[in-house]
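The structures come next, written out as structure tokens.
Each of the next two complexes has subunit A plus one other chain: subunit B in the first, subunit C in the second.
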Partner chain A sequence: MKRTPRLNDGTVFVVPAVLLLVLVFVGPLVWFFMRTLISVGTPAEIAAHAWGVISSKAVVTALTTTNWISLLVTLLVLAIGYPVAYFLATRQGWRFTLVLFCIVVPYFTSVIVRTYSWMVLLGRNGLVNQLLLHLGVTDEPLSLLYTKTGVLVGMVYVLLPYMVLTLFAAMKAIDPTLMRAARGLGAGSFYAFTRVYLPLSIHGVISGSLIVYILSIGFFITPALMGGPADVMIAMLIERAVEINFDWASAAVMSLLLLVATLVLYSIYYRLTDVRRMMGA
Partner chain B sequence: MSAIAPGHGRGAIELRQVTKRYGKETVVDGVSTSIAPGEFFSLLGPSGSGKTTTLMMIAGFADVDGGQILVDGVDIAHMPPQRRGFGMVFQNYAIFPHLNVADNVAFPLRARRLPAEQIATRVREALELVRLDRYADRFSRQLSGGQQQRVAIARAIVFHPSIVLMDEPLGALDKNLRFQMQVEIKAIQRRLGMTVVYVTHDQEEAMNMSDRIAIMNNGRIEQVGRPAEIYENPKSNFIARFLGEANLIPGTVESIGESGAVLRTARGLTLRARAEPDLKVGDTAHLFVRPERIDLTSGTAHTANAIGAVGVSGAAGRANVVTGRLAQTSFLGNILRHAVEIEPGIEVTVDVQNSHADLFRSVDQPAALSWQPADSIILQH
Partner chain C sequence: MHGSVKNHALSIYIGVACVVLMMPIVIVLILAVGDQTYMRFPPEAFSLRWFATFFGDPRWQRALGSSVLIAAIACVIATVFGFFAAYAFVRGDMRGKKLLLAFMLLPIIIPHVITAIAMYFMSGPLRLVGNVFWIGLCHATIALPIVLLILLSTLQGVDVNLERAALSLGSSRFGVFTKVVVPLAFPGILSAGLFSFLASFDELIISLFLAGVRSETLPVRIWNSLHLQVEPVIAAVSAFLIAVTGLVLLLDALVRYMRTARLASPNGGH
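Take a look at the complex of A and B:
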């Protein structure tokens, strides 16, 4: 077989993007890790310092909180997103457009704006509490903001589109006659769903969950603005190390930890998801 | 060898004024017919004729807007599809891609919660019946179109339904395979004694497989009958053209007598044929005759008349004899198809068996046609 010349196979088209990423992202990151860690001392001293940071109570607590919140967020987003994606995948016309619009428009809005909107809604005198008081559901305002509930509400809202769009892509690839076939061959709705639709959409469930989980563990703005003192996530701890304690070495260790966790999860995602198929190739 | 029980006496379907509307449009318009147990019944028609919608209403995938669907005397028109208990074969096979062949075939049995040993036995039997027993572990992507279709058939019959519905099951297969599968499906249907309602737009397929055919047009059944019956006695121009090749020569009814009617063409040719009962003198009508029922001879009217006279026997009356000009000859392998212009703008198609090399003729030669009045009908519509 004849070898394709490199410049003709399209490689040249990704060169600018790769260069940009190396120059403004990979380069500075590597440079940051090298500089801050070398300033600690010998490799043995670096290892000792890293272990000290990772095993410290603050980091262990933050990691536990981070994973717990991320898990809850992922499950909630999945529970809310699956029916929405199913609706989108099986409808056409204005219903489809309307729901898609509601899902996608917030996607293009700044996370900060969306988080502040939720703060207005969830505050002590916010819309939600006023409604609950008015309806007599509760006698005094609930503390929704600056609690784990607040963080979950905010994060679920921000991350929902990622799940819905991933699931939608997977569900749209399911041949609708398969569900017909299942029902025509004697399967009730529940049996048809659990034995046909769910298995065929499961790779979407896994991909969507991984994406949401990956994004959750690095979340900063929403937990920082909406969480309480107990809801410190790892990204907030990194920010504090840099901004308040000027402890760049600890920040570097924690960042590296987060980066490795993200890359591991992403590699699982990459293996499980046929990225090319999702892009319609 | 098989323990698969035929659906003795079960599987009668009766459609009573079945109607389906999409908005203002009536897609199926008061369809009524009855299908006997064990019958192979085809719904044949062009796209948009309502045949698939009719099948989908029988299956339960389309809501019935009016009328009744009786199965063994029980109205199932508003029953959910999974409770109707029909076997179903879809146009695109609809094999579950995440299940292997055996699990696909086992699906209807598992949905019915049959015991595992029974499932294993029945799946094996069904796969043997479609000759796929060696492919039990394969997935649909590893199978050819014909094999996938066999899986779909095995899956549709594995739970011993008395009725199997098939929606253009062979549409995606190539011509040779299609014929082979027609024979196989027919053999399985006979062996299991099940009722099959079969939707197709392929008239040869319908004629080859069916006990009876219902030809649909514009949401109605235009004619129902055995394939040969419809082929020989179409009730309308549409049926005549839809089932096989047909010549339809336009003209006016000149007289109606005991042995048939006479049609006069625009240029004054008089042709004799059987007549529909409600035909009246003066009606504009068409004379229908199949291309293979016409004899073709070269030469003038005189010789043609002589040959035609020889062919006449008894009460059938004198043959219709027409002369014309050979406009075109097509070689179709087993037959030669000639187009003969008998009047300006009116061509008659004549099929001649390819048994003599001298039947190749050159165009623009004079040609004489003759056929028996008994082989032709004057159609009003």
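Take a look at the complex of A and C:
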């Protein structure tokens, strides 16, 4: 009769959510890849078609653009976000709350709204050009919108919070007395930073950069609205293949390529970090 | 002296960063109350005419209705399923827990364009394009990871001994859930519900493919407008979306505040 109440049988509660994902998320993906690729023909024909798509000029250019923009965005976001995260990790009270507010409000604002705002700001008569003219940096309005600069500004703005929150989570775990100890032992502030703080925060740097790069290579909304004809990223090419050319087979090949790249990077991310802490949760 | 100069430099940098971070949000709010008929900043005169246009036009009303309905469906499904899944992760004794969690977070990792096209490919033959319930279900997969991340940390804070106690005092498994786990995790469940609603409400890419003409959501209509010709009413609609975000963040802050107040009160809030 006497038995300890067992609570370790909660596993079954995960089933509804797994079913939802299998039926509405994984199912459509598998069905899409299977059907579109099988419709191409025999495995040899599929391989030939895939090679044709991947080696086409449009896709090679888009892949180069995608990687280049993603790399630049990741480096920019890291450089801009690191001091912000450091500030958050070392301050309390109203300063902390204010800066966190300025990170969190944009973070939870719709991407389309944020992109729209930057389109207004970067336009020919936009606030940024007005400011540059006023300061005498330039004599005539610069073309910022529909250029690579526009895409970079928009994407950096959208992705910055992911980096800051990831870095902040890593930095919060750093014992502040270590920096004081290094300074007390005679290290200059630069030396103490590069030899003590930076190595201790490197974990956050790597996982933040990975997550930003992963999200960058699949980015669609911002480059589609803010980029010029030369700034076509792979996700845009996939959308066009479906919406404009009804070329499902090519869309599937490009999607598979992007999916595999994403999954490889995600598996590295999975190895390096605790996924429960994703996005600084 | 040296250190204080550095601290000043950091403070100035942070100040500038905060201004730049908030500027796009503030600009939209100002544009929304401008009286202009084309994209121009700053506006020369102010009025609420674009809000009147937004709330008065039946097409915008329909888009608002679709957005709310889809987000409500996604929110309920994601929160309920996500709550049970998070409970299984915290209390369950399964193998490969970490890998399963990594799998369940995939919807926010895999590029939305791929997910959207795959869902669209399936929706066509099943005649589900434009079906509000189906779009809500699809959005629920995107919202599920957010619910999981929030509720995992909430449920880790629920003492397993309270559940054991209830069970040994004769409570049923169901009773443990409704009388112990849910009340203790309630603030987290509310937060998860709020943020999953927002995730669906702001989602563009899946809606873009699945909405058809029937069920266009607010983000889809903004997208169409930005692609063709930017209507001035977009600023008012965007300001409305920002207001929804603000409301969600405010309610979440309130929920957190109430939880700390309850924990801090000497009699445990009874």
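The criterion applied here is as follows: the second predicted complex is superposed on the first by the 263 of 281 C-alpha atoms of A that agree within 3 Å, B and C clash if a C-alpha of one lies under 4 Å from a C-alpha of the other, contacts with A are read in each partner's own complex, and residues count from 1 in each chain.
Rule of thumb we're sticking to: a contact is a pair of C-beta atoms (placed from the backbone, for glycine too) under 8 Å apart; a residue touches a chain by one contact, two chains touch by 3 or more.
If you're wondering where the values come from, they're calculated on a predicted model, not measured in any experiment.
Of the two partner chains placed around the shared chain by superposition, subunit B is the only one that A:Gly184 touches, whereas subunit C remains out of contact. Once the two structures are overlaid, the count of subunit A residues touched is higher for C than for its counterpart among subunit B and subunit C.
Looking at the shared chain after the overlay, A:Val264 reaches neither subunit B nor subunit C. By the touch criterion defined above, A:Pro83 lies against subunit C but remains apart from subunit B after alignment on the C-alpha atoms of chain A.
In the overlay built on the shared chain, the residue A:Val105 is in contact with subunit C alone; subunit B does not reach it. By the touch criterion defined above, A:Leu29 reaches subunit C but does not reach subunit B. In the overlay built on the shared chain, the residue A:Ala230 is in contact with neither subunit B nor subunit C.
Those residues of subunit B whose C-beta lies close enough to touch subunit A in the complex are 59-61, 80-82, 85-88, 90, 92, 94, 96-98, 107-108, 110-112, 155-156, 159, 165. Residues 175, 177-178, 180-188, 191-192, 195-196, 199-200 of subunit A touch subunit B in their complex. Within the complex formed with subunit C, the subunit A residues making contact are 4-5, 7-14, 16-18, 20-21, 24-25, 27-29, 31-33, 35-36, 80, 83-84, 86-87, 98-99, 102-106, 108-121, 123, 125-127, 157, 160, 189, 214, 217-221, 225, 235, 238-239, 242, 248, 251, 255, 258-259, 262-263, 266, 270, 275-276, 278-279, 281. Residue ranges of subunit C in contact with subunit A, taken from their complex: 2-3, 6, 10, 13-14, 17-18, 21-25, 27-28, 31, 39-41, 77, 80-82, 84-85, 87-94, 98, 100-107, 109-115, 117-122, 137-138, 140-141, 144-145, 148-150, 152-153, 160, 163-164, 167-168, 195, 198, 201-202, 204-205, 219, 222-223, 226-227, 230, 234, 238, 241-242, 245-246, 248-249.
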